[in-house]
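First chain A sits with chain B, and in the next complex the same chain sits with chain C.
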Partner chain A sequence: MIQKKVCMVGVYATGKTSLVRQFVHAKFSDKYLSTVGVKIDRKPVQVGGQDVNLLLWDLEGRDGVQDIQTSYLRGAAGVIYVADGTRRETVTQVFELRELVQGAVGAVPEVLALNKVDLADQWIVTSADRANLAQVPWHTFDTSAKTGDGVEAAFQWLATAMVKSP
Partner chain B sequence: MNDTPDSTDGEAAPVTTPDPATAEDFAALRALLLSPEQHEIAELRRRLDALGVTAEELAASLPEAIALRAGQDDRLARALGPTLETAFSESVRRNPQQIADAIYPALGPAIRKAITEAIAGLVTTINRSLESSLSIRGLKWRIEAWRSGVPYGQIVMKHALVYRVEQVYLIEAESGLLLSHVTAPDLAAPDADVISGMLTAIRDFVGDSFEPRADGGLRTFSVGDVTVLVEAGPRALLAAVVRGQHPPALLEKLQVTLELIHLRFAGPFARFDGDSAPFDAARPVLAECLETVVDTTRTRARTLVPRVAWLFVFVAVVVGLYAAISAQRRWHGALRALAGEPGIVVLSADRGLRRWRIAGLQDPVARQPMAVLAGLGIDTASVRGDWSPYLAADPPIVARRAARILDPPTTARLSLAGDTLVVTGSAPTDWIDRARADAPRVAGVAAFREVDLTPHLLAALRPMAESIGAQRLFFSPGSATVSASALRTLRDVATEWRSLSVGVGPRWSVTLDVIGRTDTTGSLEVNRMLSDERAQAAVEVLVSLGVPGWALAPRGLGTRDPVPAATVDEQARQNRSVSFAVRLGPGGVRTP
Partner chain C sequence: MARHSHGEVPMIDVQVRGRSDRGRVREANEDHYFIGVLRKLVEVQDTNLEVRDAVRELSKLDAYLLVVADGVGGVAGGRRASQSAIFSLATFIGRTAACHYDPNVQQENEFLERLEHALQHAHAVVRSLSTPGRGPATTLTMAMIIDRRAYIAHVGDSRAYVLSRGRLRQITQDQTMAALLEDEGVDVRNAPRLANTLASAVGAQEMTPAIGLLDLTPGDVLLLCTDGQTKHVSDTEIAEMLASDPDPEPVCNRLVDAALAGGGTDNVTVVVARADG
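Up next, the complex of A and B:
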């Protein structure tokens, strides 16, 4: 059985836990529960007919990026950065966050999830932002943990990328 | 002055001679003087140049050269020593992890071996004292087993002597991914991969939070009676979930297992990219760590020496109890018997620390209490008696007291009927006189009665009575006439009767049976009458001699109860006679 450690990274309240919940349990709750430390969940997926067990490390979202606990990142085979498409600072901080993560895990497949796409009226991501984000070699998905839009696709893409680039 | 330095130092010459012409001369002179030496120098320089082997040439011959040199002496080792030490410490300083990884499989066993040997002696001593002790806890468990009827082994299992390794995880050190996992047979399989991740996360969290020195990290944590032991290696962690009290040896076992896995799976570890399949082969190794263990050192110890000791203790207790109970029983039986003994009253019986104390009343004629107890198997040495005298009214005691006071002859028997002392058998007249007077004075005796009591004469009077009994009056056939010799005999009888009468005293009377007999000639009726006449004739003579009539009892037997004799004639003669028998009677019947 192939197993891959995936870390969910992002500042607080961007929806990391909700994305995992939607992906693993197909559930969503409006209630906000702050994650303390790390929460680990498992989701088996298929990549090219092969079973892959994703171990999703849902890291505590902090206020800033400096105090992220890099020890949780060790051995990660893939990273999902989560930004809140309705809060500008989360989108700008993701670059800084990525630098920190890269230092700990090296070059691994990465996904950027621009979350809360269901809140269209509060959406602040412009095409200029997208161009900016496209500078980074990650795969960007617009996701909604609430409706499930893009969630499956984001995780599946990462799983495939991880299996193909060991 | 100039020559001396030139000849010794050729190179100083050009410096001190600036003129070129002079220099040429000087060179010629030098060639002349020093050419042999210059040749030697040139040759040496050539050889030195020739020695400059290339690195390739050296690499080719280095191993042989080292081996050769090492075979000759240890100078090479000495020369290399400092360099190697420096190189090693430099390497450790630069990249300690690499050295640690390299020597990890060898380091653990070496350290453990040293520690084990150091501690072995101490452990042996502790074990021995543990094994040989009959602990209170063991005793409590045995009592619990005995009371509940549950086997002792299960009681031990129930209590804290058991530990059980329920799960073992092999976890990749960096990512926290589960490599392999085993669970005790009867336990539900948990979400091992998530737990594996969380374990790693917890270790990371603890490591980040408390920043332990060097490679400490979280090794043990407990939840209720469950302890998680974590052994960390360079590439993997081994985590064991243990229920109960685990021995230190378990940690060592985990270490050994982890080292074994590092050795055996060095390749898969190096190539690891998330595929745990190669580590399935580690399952049997992990399974060896799963164990449900009753602390065998202790139970085994109990099965041998202490079990025998327990048996002895048990037997001793049973024997002791039996002895105590039977002693108690014997004692109470003896006390009952003593209380039933005539003439003894037990007032109190107390158990002292080692002795019994009895207090009571004892009649002087009763049996000795100690003798009674001894007869019932009591060790009288451990009994102290405290007896006060009293007079008992028990009939056997009264009879015994009467016997002691009256001291009857062996021919007489005393008994008690109610409060009347009864005497039967026979006794001398003087004893009967004394008994009549003394019996009412014996405590417990109200009256004295003689039943079938035959009085007999005092020893002093007996010859006289015998003499009378031996007297015989002979008669002619068919005649009742007293002859002259018979008359003499009768005088003797009368005299002897008088002596006896005086001898027995006023309370007694002496009566003479006067018995007439005949020979067998003639009819029975005639003979009976003839014997009567003969007895009567003797009586008449005796009366005439002064013997009162009440003292004479004539009786004719005829031919009945004849006197035996050797011949027929002699028998006829002997039976034509009158004889006498002395009888004692109460004096009261005497008539004047």
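Up next, the complex of A and C:
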């Protein structure tokens, strides 16, 4: 079976672990536990009738972008950037994050998960932000680890892109 | 002394010690620990190669395997469970891990899968000791340190911590009924026994291993311990003790002595590993 390493990247408390949990176990918890190092999960998916094993590396979120340890990114076949729509700074930080990640892994398929869409009424994402995000060649999904909205679609899109990627 | 792995990436040296104690109340010690070094040996018997030193370098690469386990299910059963789990895990890893001293990405993925297989193997061995669902069983928390990367695998409510730059952080999450229900939003404050009931254990009906990893930097201290330690010693005290001495042996003694002084109501086991530059 093909194995693909996917890194979940974002600053602290954006919901990286919760997204993985929702995708792998279809569960959500309000309790916040910060990740130390990397948590690893796996989930088999199908892409065009082919079995693909996603190895999900959920990287510890730090306060600042530069604090993210790039040694964990080595060999990633795809990346999911996670930003919290209720914290605008996490949305603007993804550009800097992307630079850091690309420096470590090169050009790989990318997804931006704008998370916590269940709290859309509290989102502080401006239309200018949306326009800036649209300039980047990643695929953007509005996601909710709580309700599951957009979660399956985000991972499935990335799996398909990774398989198609040379 | 600092060593270098392939590509001149500085390797860290690791000093490790462990200690286990029956405690002040229990009749026997059902905990076990294990500290092993996996060493690749290439013995050059004869060669006219000019790169003899490079071949020698292969023999210097070490991996450290650290495990703690806390058996449950009656004195004899619990003891046997923790012992069998560690023995079968160490044997499995000893037989299969040799190609992972200098892992590339593909090998690392395979290694992570093999870690899970090692735990499944230990689980099957412990289950064979008794009627399924009736015990015995055991917690198991292990770290395998290769280069500067610590691979952590965990089942049950023993714990792994890291002290880095003066800050203590718990790497593992307890797999107890209380933690499971809290996760589901259930208030468990009136059910203290649930904190001692394992939701996942090696040899039990449910075994859901958690796998992770962590890159260590020189000066970091890794602690694996059974719940006999954390019942009686706070995280703040643990942090102070881990930072109190560069030699892990007196640190182990301080930790266990503090657990005994705090009541020693359970078996207590610690493994302390310090990463040096």
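Going forward, the second predicted complex is superposed on the first by the 166 of 166 C-alpha atoms of A that agree within 3 Å, B and C clash if a C-alpha of one lies under 4 Å from a C-alpha of the other, contacts with A are read in each partner's own complex, and residues count from 1 in each chain.
Just so it is clear, contacts are C-beta pairs under 8 Å (C-beta built on N, C-alpha and C of every residue); 3 or more make two chains touch, one makes a residue touch a chain.
This one's a predicted model, so the numbers in the text were calculated from it and none came from an experiment.
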Chain C versus chain B on the shared chain A, clash or fit after superposition: clash
Applying the document's definition of touch, where does A:Leu55 land relative to chain B and chain C: first, second, both, or neither? both
Tell me the contact category for A:Ile2 with respect to chain B and chain C: first, second, both or neither. first
First, second, both or neither for A:Val136, with chain B first and chain C second: neither
Once the shared chain is lined up, is A:Tyr72 touching chain B (first), chain C (second), both, or neither of them? both
Touching A:Lys31 in the superposition: chain B (first), chain C (second), both, neither? second
Which of chain B and chain C A:Ile40 touches, first, second, both or neither: both
After superposition on chain A, the chain A residues reached by both chain B and chain C are 3, 5, 37-38, 40-42, 55, 69, 71-72, 74-75
Which chain A residues qualify as touching chain B in the complex? 1-5, 37-38, 40-42, 52-53, 55, 57, 69, 71-72, 74-77, 162, 166
Can you name the residues of chain B that touch chain A in the complex? 172-178, 191, 193-194, 197-198, 201, 204-205, 207-208, 273-277
Quick check on the complex: what are the chain A residues that touch chain C? 3, 5, 27, 29-31, 33-42, 55, 69, 71-72, 74-75
Can you name the residues of chain C that touch chain A in the complex? 104-106, 108-109, 112-113, 150, 152, 162, 169-171, 173, 182-185, 210-215
